[in-house]
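Each in structure tokens, the structures are laid out below.
Shared between the two complexes below is chain A, which has chain B as its partner in the first and chain C in the second.
Showing the complex of A and B:
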């Protein structure tokens, strides 16, 4: 079964992901692709506490994710692939096609970022990277929850 | 770090007071951290300046458990943990503190308290059970907040195993069961009380609300939540009440 959602959210695994998207998508597993979390056991322990037992939480760095994505896509359960930044998602889109849609769920204030939506702040470089993904056929939309309206990438400029 | 726990705890009660989209509860956490960081100002002014800035960065969690993060982050500052590691701890704590707090309170203790209070009123026990339940809820909330702050301050960067083996993950799922029990008690008891005067009209209204909810869920999918539908029904009821003599 194809991955139900590819999401970029710097809060990583949290309520909007687990409950907000997890219930309507009937998620069976979430993959958190983050080099730092993958390397730190104490961080993985904390993230596991935020996920109910019916959802399996897996961890991967970018290399492992690129290797495992075909297997995750073949998993009969619905899955969600989550990254904490645009660069990591771009590496997945370019390294393991096809990823047809990417959801921007939450990118918050950092130096250099400009508010695009209340929950989306992007630097000029991040916006340019997203545009390059869109130019290659990946649909990019911002949508924090299934109950809110998606905003197309052009609306974030 | 010898002082400031009481002031930090009181400030934590308003941790959402400066909520905004840029930092969510970060400003509130920074305000609560200030009394705890004062000793660092004397001992290491440069570190104190860095810690103060870090303490108000982006953060979000369940407000009742925010003390775990506050305590752990402040303790890590006194332990001279690398700033990048502290930032990672801050991010990593948002998930379990949000999920566990939501499960324990928003999906557990709050609906359980409301269900029990509603059932008590429907059974004709008067207002006192409501007052007692609200007082018990407030006591639990304050005790949880104080416990959370102490746990964080005691553990610092080692807070993950301490939180994982604490009472919170054990009781969070049980709170949901309690909420289900209270809801299951409330529905028949309240239904019996509401139907006591005239079953015909009340049954018709209840049936209409139920049918409308099912139709809306079928037609609109996940955009229809219980809260939205409940507010819509409440709004229609108020309009009808104002419009009818």
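Showing the complex of A and C:
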């Protein structure tokens, strides 16, 4: 089954992901692709505490994710692939096509970032990277929750 | 009331501020509790807010859910500081008891608060 959602969210595993999207998508698993969390056992244990037992939480770094994405796509359960930044998602889009849609769910204030929506701040480089993904056929939209209206990438400029 | 450990309530939206206001109105313990919201926060910002609210002294951090950005920020701080304890599922009864037992060691204060909060949940 195709991955139900590829999401970029700097809060990683949290309520909007597990409950807000997890319930309507009937998620069977979430893959958190984050090099830092993947390398730290205590962080992995921490994030496991935030996921209900009916959802399996997996961890990967970018290399492992690129290797495992075909298997995740073949999983009969609905899955969500989550990254904490645009660069990591871009690596997946470029390295493991096809990823037809990417959801920007939460990127918050950091130095150099400009507010685009209340929950989306982007640097010029991040916006350019997203535009390059879109130019190659991936639809990029910002949408924090399923009940919110999606905002197209052009609306974030 | 300024003696003893601090209680820091960390929650989604305006929940923490509402709980602290209600606790102060009922318990009369102004200054014992500090509210932190995760609204429009990334991981770094919520951790900064929690760390700033806790300060240098002992504290119990009360979070709304045993998952999510509030919980993870509190747990990261608690991992680095043995004098900072975390209690999940914050409710008003646990806060009202906590403000009058702030001289307990943080771990004991957290255990007591969790028990009082749990006791208050009933099928009435």
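A few remarks follow.
One rule holds in what follows: the second predicted complex is superposed on the first by the 157 of 157 C-alpha atoms of A that agree within 3 Å, B and C clash if a C-alpha of one lies under 4 Å from a C-alpha of the other, contacts with A are read in each partner's own complex, and residues count from 1 in each chain.
Keep in mind that, in the parts below, a contact is a pair of C-beta atoms (placed from the backbone, for glycine too) under 8 Å apart; a residue touches a chain by one contact, two chains touch by 3 or more.
Because the structure is a prediction, the values reported are computed rather than measured.
In the superposed model, A:13 lies in contact with both chain B and chain C.
Once the two complexes are laid over each other on the shared chain, residue contacts for A:107 go to chain C alone; chain B is not touched.
Looking at the shared chain after the overlay, A:137 reaches neither chain B nor chain C.
More residues of chain A lie in contact with B than with the other chain of the pair chain B and chain C. Shared-chain residue A:36: touches chain B; no touch with chain C.
Of the two partner chains placed around the shared chain by superposition, chain B and chain C are both touched by A:118. Once chain A of one complex is fitted onto chain A of the other, the partner contacts of A:50 extend to both chain B and chain C.
Contacts of chain A with chain B, set against its contacts with chain C after fitting on chain A, overlap at residues 10-15, 18, 42, 46-47, 49-51, 84, 108-109, 118-119. Considering their complex, residues 10-15, 18-19, 23-24, 36-37, 40, 42-43, 45-47, 49-51, 84, 108-109, 115, 118-119, 121, 146-147 of chain A touch chain B. Residue ranges on chain C touching chain A, taken from their complex, read 12, 40-46, 65-69, 71-72, 75-76, 79. By the touch criterion stated above, chain B contacts chain A in their complex at residues 21-24, 58, 60, 88, 91-96, 98-100, 102, 157-158, 160-161, 163-164, 169, 221-223, 225.
Touching chain C in their complex are the following residues of chain A: 10-15, 18, 42, 46-47, 49-51, 84, 106-110, 118-119.
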